[in-house]
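Two complexes come next, and they have one chain in common, chain A, joined by chain B in the first and chain C in the second.
Showing the complex of A and B:
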């Protein structure tokens, strides 16, 4: 391509750089501000008198002798036992990702390798299920869960999250499987593989990028869920996000909103790390559904 | 693939979806037309030397019998749909007859919980979606022209508002926009009104929630459009340039038509997701000014009294709403499919 065609006037260059810079501030500043403020006391985090207090931490220094304090984290992790919620979240996430990938790859592989009409209908049904807000299903879950005494436990929430996750998982894995040429299966079958062996030994080894990407999104769904987990888990089994909401209800009135701030920062850190390492996969996953238009 | 093989491959995922999505859907419909049986009461009169007293007791046996005979409960048809907490047909009829203008009528509707939340849900959905698509597109065009070394860095920070848990994102913004937070302070300084507060102002609350919606979803539009921009046909772009198209004309007549399928895709996903708006209302403690359909369901289900029937009815109405939103897509897909078959 000629350089002439790429030439852009200076005002446009500056304008677009400024626009992106402003967007970056809008996107990142709230997180940086909350991280900074989480090491302060409430009077500094919410500073009505003088906003520079939030920056210099004058009240925090007056109380603790240093402009930074771990009081919020101590309150959340030690007093309120946030660590247990973190463990619960990771148990839920691990099993949701493992289960939904296992049954999802099987199902999506079948969808991608079959050309009958029902494949179309199954995909459309999955799309409709994907569109239904999960919270609308909760009042359907509660009566049987109470009747069979399974309400409140982690495995129940895990199974429900896996099921809610399936429509999306199927769509995404299906689009990844379709990129793998069907000749590969055929030649494996000619060599004497059954369909399952072709899937297991030939297709899965080249499918890892798609599996990792889909797994990331399953993880995010389980990690970020609030509506379903807060309705299906008993207080002792709560995951992080319902626990943060509970902090707001109980500790905000006692003036311990900093517990919630510390918990929010703690819950953001794993996501931050995730984006740092898997940025490429997240981007490819978001576009995987779109490329087919 | 043979039908038999397909069946076994697809069985686990089909079972999961049948038991935990399809069955609950049927269940919420049943719950919305049946209510639990009331206890059977026996009224008995005890007469003694000092006159008679009436007492009512619960006939445990008869109650158990009734519940066993009709386990679904008492059939009430559409009564729950018509009550004040849902479609409120009687109240709407009254409001229609008694109000002189449409303004009156709509403000009367605004007092009914279902219509109040429907109004916010629809406003949120239809204001957020176009705005976030535009913002996402602008960011994508901006990032695309950046130096390669900075791109990764910019994409990393741009992804954060979308990846982060909705409740967490909402809280982080809320703590800033709150009247005690830095932005809230700044706003009341700008407006020169020290009493200006998010908690006291309905319009400000709606605007903040919509800003949150755009902030948290624009990255999705950005990433999709950015990927689309990488596949813009360079030949077409160059011929447009040779023909003397201005920069704006290139965007308008080459790039936007190329991205149009992606715009439809993003709009579809975002309409579905914005319609279920819920977490920001909790995060912003916005119940007094803005409620959504999902919030009503959550509110009915929570607390000591789990009002399953009421929640199920709102759930059915929400699913109908989603179906209406989704119907153009389904009709189009169906036409495409029929077109392919013939």
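Showing the complex of A and C:
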């Protein structure tokens, strides 16, 4: 009888497998296409004559003697010094994540343990600021930055990114802290902790999944940001995303599209590794409930 | 070792009164139980002693120190929380050791003291488990061990048994009684369960709506309740209370007539305990009514009748039998009766 209950019609089994397979291909196709194309030359990847050139690499073979070439990567990394952009990105990401998590954990903990009514309004205000498109804020920042001669530097971009990011981290961490029962703080205090010791020794160890999840989100925000970094950074201080944009060229400057494609692949790979590395923490952070005593 | 003095202690949130003018001295090594229904202010009182809730008015003294403005950590109290408040990332050993660690107790002492505390609550087999891998009763015992490991001046226990199942509650109750006897530490214990209060306490404080109703030993509170609230709260079943009139020492209510009472004429509430009255099948008793329900308890038979819409319970011998609907007669001699003022609910001194 139990096998009867578990029985699913064949068409449903096949249907769901096909559906998932098709979905997977559609979802993964842009990434795979870009990865494949990054080893071709522009004539192939953006071939007007025959789109299958992008697949077989006929022109690439004619130029370099092989259907695959590292010309795009060489151009981006060696000629254009994409490495410096990568370093800049990681500097920006590191300081954005570190600053917004420090302020975020302390602030969100205080908010989550406060019994005053203004907490609610603070969080609502934070949400409103989070909802404002970053670009509208950037236009307001520009004149004073020029006036005080701080435009173009990494610290400036970091401060602006933290400011844009902070409401979100506060909001997210606050909801994590609220899931940690107040009894934990109180028993720590009775056991001999100051408020800060209770936070550091008892609450934070339970909070790691939440901190990692929030940290990853703010990392991604800084990593993927275009609006702020493209407007606020001088050419020599560019992070990856505005650099890729520059490779594409403008109406005034000639770019090299294949450098951009190779750089896109280079910028995507670390994200895959990062998410896979932290996937357990992210899942437990997102599903929460992991903090129950 | 310390005496706790609560001097005219009050807690208010805006216009809401949580605890009203609580004045009590808890003797050194006394086991005091705060008893009352939920929302009566018993937990708030305890939290004020612990320092987790600010005092609106009044003073708290532990030993010879006024502790109103001291942090919880400086009051030298240990507390067992209703939800245990165990640290989920630490194993049992580290949970018990935590108070020693944060209080910077000499490291060489830690192991011996943790082991001793774990032994007292029979946890030595589980020291390396995380709280999540423990049963409710074991978690409860970890919380107890964490409280006793430091040998504090005062124990505070906030409904420590309420999350346990009935069977475990009885055995853990005995364990707490034994522990408190062994440790001889001033203990304040909060509960809404009057059986816990009766079995554990040296003295019981019955509270309702933030106001202390009665302070006394379990027997005092059971035998001489100060008002109808205490009478109706203590005992299982609670005291029978019948509203009626007293005139010339004769109490009358529907189907009820008790003579030989002493008290001023007027509207009163008559109270008596189920086990003090007796039942018969004739009409010789003071209350005569059809049996409303019969319950076999094993050691006794509980007979319930209804008087003026109110249930009156009487414990008969375990051999007693009657059918529902049979007319039964309950004998309520005046010496088992308590009289309360019907307006104020206060006991009328006889």
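In this section, the second predicted complex is superposed on the first by the 264 of 293 C-alpha atoms of A that agree within 3 Å, B and C clash if a C-alpha of one lies under 4 Å from a C-alpha of the other, contacts with A are read in each partner's own complex, and residues count from 1 in each chain.
As a convention for this text, a residue touches a chain if its C-beta (ideal position, glycine included) is under 8 Å from a C-beta of that chain, and two chains touch if they have at least 3 such contacts.
Everything numeric here is computed off the predicted structure, so don't read it as measured data.
Enquirer: Both complexes share chain A, so when I overlay them there, do chain B and chain C fit or clash?
Expert: Verdict on chain A: chain B and chain C fit.
Enquirer: Taking CA centres, what is the chain B/chain A/chain C angle in steps of 10 degrees?
Expert: If I round to tens, I get 100 degrees.
Enquirer: Would you check which partner chain A:191 touches, where first means chain B only, second means chain C only, and both and neither mean what they say?
Expert: Touch status of A:191: second partner only.
Enquirer: By residue count, is chain A touched more by chain B or by chain C?
Expert: Partner with more touched residues of chain A: B.
Enquirer: Tell me the contact category for A:163 with respect to chain B and chain C: first, second, both or neither.
Expert: first
Enquirer: Taking the superposed arrangement, what is the smallest distance in Å from a C-alpha atom of chain B to one of chain C?
Expert: 10
Enquirer: Both chain B and chain C touch chain A; at which residues?
Expert: 291, 293
Enquirer: Which bits of chain A are touching chain C when the two form their complex?
Expert: 181, 183-184, 186-194, 197, 201-202, 205-206, 291-293
Enquirer: Can you name the residues of chain B that touch chain A in the complex?
Expert: Residues 1, 3, 5-6, 9-10, 12-14, 16-17, 19-28, 31, 138-139, 141-143, 145-146, 152, 154-161, 163-169, 171-173, 175-176, 178, 180-182, 185-186, 215, 219-220, 223-224, 226-228, 234, 237-238, 241, 247, 261-262, 264-266, 269, 272, 275-276, 278-279, 282, 285, 294, 297-298, 300-302, 306, 308, 311-312, 315-316, 318-319, 322-323, 325-326, 330, 333, 337.
Enquirer: Can you list the residues on chain A that touch chain B in the complex?
Expert: Within the complex, chain A contacts chain B at residues 1-2, 5, 8, 12-13, 16-17, 19-20, 23-24, 26-28, 30-31, 33-34, 37, 45-48, 51, 54, 102-104, 106-107, 109-111, 113-114, 116, 120, 122, 124-133, 135-144, 159-160, 162-164, 166-167, 170, 195-196, 199, 220, 223-224, 226-227, 231, 241, 244-245, 248, 260-261, 264, 267-268, 271-272, 274-276, 279, 282-283, 286-287, 289-291, 293.
Enquirer: In the complex formed with chain A, which residues of chain C make contact?
Expert: Answer in residue numbers: 50-52, 71-73, 77-79, 81-90, 98-99, 102-103, 131-132, 139, 146, 150, 156.
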